[in-house]
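Take a look at these structures.
One chain, chain A, appears in both complexes that follow, with chain B as partner in the first and chain C in the second.
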Partner chain A sequence: MKCRKCGEKAVINMRQHKLALCKTHFLDWIPGQTQRFIEKYRMFGPQERVLVAVSGGKDSLSLWDILWRLGYQADGLYIGLGIDGGLNYSSESQRLTQIFAEQRDLKLHIVNVLENYGETIPEMAQRTTRGKGKPCSVCGLTKRHIMNRIAREGAYDVLVTGHNLDDEAAVLFGNTLNWIPGYLVRQGPVLEANRPGLVRKAKPLCRIYEREMAAYALMRGIEYIYDECPYAEGSKSIYYKELLNKLEADRPGAKLSFYLSFLQAKKNGLFAQAADPDIELLHTCPTCGQPTSAPGECAFCRMTVKIVE
Partner chain B sequence: MTVKLVLRGKEYELKPGMTLRQSLFKIDLQPEAVLATRDGELITEDEILQDGEVIKLVAVISGG
Partner chain C sequence: MKCRKCGEKAVINMRQHKLALCKTHFLDWIPGQTQRFIEKYRMFGPQERVLVAVSGGKDSLSLWDILWRLGYQADGLYIGLGIDGGLNYSSESQRLTQIFAEQRDLKLHIVNVLENYGETIPEMAQRTTRGKGKPCSVCGLTKRHIMNRIAREGAYDVLVTGHNLDDEAAVLFGNTLNWIPGYLVRQGPVLEANRPGLVRKAKPLCRIYEREMAAYALMRGIEYIYDECPYAEGSKSIYYKELLNKLEADRPGAKLSFYLSFLQAKKNGLFAQAADPDIELLHTCPTCGQPTSAPGECAFCRMTVKIVE
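So, the complex of A and B:
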């Protein structure tokens, strides 16, 4: 197979775009596409300060690399979750993230959950009903809280995450299977900061396939944590991704079409804002100042045991 | 006469002469879920796998 742009040997074929590219043209194409989506969905401008949530995985490190190559003012935020799982999962992902930042002379914020809140994620999960069985819900809540906090404290204009198209399609699939209107209303490339205490969020990779992001990381020589989070095994999102990939094998472009059709349907008014029961009822947490769906302390503040310095 | 595909330390032995895509389906892997490298370079799905080759597969799905 030959590169469509130069005729050299292709290293990747993107069946959904009917596009095969060589290494050089693929490494140009990905930042070009990312820039296109940043502009199309009005995510942020060249003068704005961007905070990239980085996990040490292929997507977030690649996103940071792309934004750096595109010339954006992008700092990183790594959250140390204290997950070991016999792999030193958190310490290894932090090490790789720090190496990445040092190589490019980029600013990296590190927030260690244990040092800040007195417990690791698995410990919090063991103590609380929210974490019964699996710590993923506790982990998600904690990461959302810390990302928003650091973005506010640092006066960043936007917080970006490395969610790729497969992530978005899997979430959409789950929310559609269960018809969860609140989540469907909120899903999109940009989540506006439409309440006090909230920071604008964006997903610049939302239209790029996970396979292409892995290829980008490999071709750029980005060393990322290859092992999966030990708690992700058997997760619904991975199961949904596998199902969608079976569909994609028979119908190239099915995942992209599913997501884009959803965005179009939303734009056409298929999902009313009133379908999101939380949107009008947000309160401000008296402890942390972040929005919460019920009066009083938010779920994160109620969950955490803070260390008094 | 074999081709070896390696994914996360697990080895699969197949007959040579098939494309990468056909080989992946043979071992019940979705082409969308992996990348394949030969001598450290990515290869496309239409590549015919030759006798004695070792193809390293990289899993691309993550989540949780």
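So, the complex of A and C:
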């Protein structure tokens, strides 16, 4: 198989795009695609300040690398969750993220959950009833809160995450299997900051396959944490990814077409305006100032305040 | 495993309902459920005249049997498609349907496509470009046309089909994978006759698993055609059914929950009114009088008129 651009030996064949590329052209192609999606979905412009949520994994570090190469003003945010799982998961991912930032002379914010809120994520999960023993729900709530807080405190214009196509397709698949109106209506490459106190969110990699992101990180020589979060094992999202991988193997491009036809149907007005739950975010948390759906403290402050008391 | 109702030995265990039943109670339970769904979705009442589209398969014959036992005024409609496939598919299914109707002294309309329109379905498919060599598209168009025609000519209040939960979930899955707005908005247990010339359609078995319908037909001693249509092999709907079966095996009830959460989301107003393509059926075919989306003859009349010329 030869590179479509130069005829040299190809290192990757993307069946869904009918495109094979050599290393040089693949490492060019991924940032080019990312730039295209940033513009197409109006995620942010070169004048805007971008905060990249980095976990130390292949997707977020590659995204940061790509934005840096594309010339965007992108700082990083690493959240120390205090997850060990027998493999020093959090400390190892933080170490790799710091090395990455130092190598490129990039600014990295670090927020340690234990230091800031008195407990690690697994400890919080054990104490609260949220998530039935699994820390994933507590972790998601905490990350959303901190990401929005740091973005606001630093006056960033947009918060970006490294969600790739496989992530987005799996989320969409889950939301579709259960037909959760609010999630369906809100899912997309950009979530506008349509309430005071909320920052715009964007996913520049949402149309790039996970396999391509792994190839990018490897070819670019980015050192990232290979392990999944130890709590991810047996998760629904991994199950949905496997199912979609089976579909993709039988029909190359199925994942992409699932996601793109969803975006198209949404753009064409499939969903009713009233189905958007954002209209519920009418209140402001008196403790943190972030929007919340009910009067009084938001879910995050209610969860963490107990420790401070 | 014992029958929940009487404690006798159960013959079927329905994991998704956490319900095991003996033969007697299962043969009671299926019509009871059907009656419940007929009422819940306001499909039709005891005063209304029902036309059952019967193919000779387990679902449609069982449905007819159930409606007869429930005391509804249900006549049958068998459409002779002229499909052989090396197994006398059409003639054998017609023979079984006729035996079924005679045994119960039920009225059966028979429409033979070859006699009425000059060609069998496979011949029509070969002549036209519709469906790229596969007769399924031509067959669907023809059946929809004839079912509506006979229902109108016979002044039936409602046309019912034997689509079971697996059928409906597979259709929904396909429509979701491709996010086809029109199909999504219209799918449901009842399709109202909201245009002149259209008859109401209903699917009383839409919440009953295929496996349960097969068990019903067997236990009731209904002789039906076991073979799938020879053209169904390799079809998307069978592929989607297999995928959903895998999901169901891992999470009993997944198929039902997928379908029910869709219906609930739709009822709660997920979809925009404007996404309903029924508003496009503004024209009347000058040849057959059925509604059509464009001025002039409908797709069926355009397809068949060529033979008559």
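Everything that follows uses one rule, which is that the second predicted complex is superposed on the first by the 299 of 309 C-alpha atoms of A that agree within 3 Å, B and C clash if a C-alpha of one lies under 4 Å from a C-alpha of the other, contacts with A are read in each partner's own complex, and residues count from 1 in each chain.
FYI, a contact is a pair of C-beta atoms (placed from the backbone, for glycine too) under 8 Å apart; a residue touches a chain by one contact, two chains touch by 3 or more.
Because the structure is a prediction, the values reported are computed rather than measured.
Student: With both complexes overlaid on chain A, does A:Phe258 touch chain B (first), chain C (second), both or neither?
Tutor: second
Student: After lining up the shared chain so the two structures overlap, which partner does A:Lys246 touch, if you call chain B first and chain C second: first, second, both or neither?
Tutor: A:Lys246 contacts both chain B and chain C.
Student: Between chain B and chain C, whom does A:Ile12 touch in the aligned arrangement: first, second, both, or neither?
Tutor: So A:Ile12 only meets chain B here.
Student: Hey, is it chain B or chain C that touches more of chain A?
Tutor: B
Student: State whether A:Glu168 touches chain B only (first), chain C only (second), both chains, or neither.
Tutor: The answer is neither, since A:Glu168 touches no partner chain.
Student: Could you say whether A:Asp75 touches chain B, chain C, both of them, or neither, answering first, second, both or neither?
Tutor: neither
Student: After lining up the shared chain so the two structures overlap, which partner does A:Ala214 touch, if you call chain B first and chain C second: first, second, both or neither?
Tutor: Touch partner of A:Ala214: chain B, not chain C.
Student: According to the stated criteria, A:Thr176 is in contact with first (chain B), second (chain C), both, or neither; which is it?
Tutor: A:Thr176 contacts chain C only, not chain B.
Student: Pick one for A:Tyr231: touches chain B only (first), chain C only (second), both, or neither.
Tutor: A:Tyr231: touches chain B, not chain C.
Student: Starting from the residues of chain A touching chain B, keep only those that also touch chain C in the other complex, and list them.
Tutor: Residues 246, which sit in both footprints.
Student: Which bits of chain B are touching chain A when the two form their complex?
Tutor: Chain B reaches chain A through residues 30-35, 37, 41-46, 58-64.
Student: Going by the contact rule set out above, which residues of chain C touch chain A in the complex?
Tutor: For this pair, the touching residues of chain C are 176-181, 184-185, 239, 243, 246-247, 250, 254, 257-258, 261-262, 264-265, 268-275.
Student: Going by the contact rule at the top, pick out the chain A residues touching chain B in the complex.
Tutor: Within the complex, chain A contacts chain B at residues 1, 10-13, 20, 23, 57-59, 136, 139, 166-167, 170, 209-211, 213-215, 218-219, 226, 228-229, 231-232, 235, 237-238, 241-242, 245-246, 248-249.
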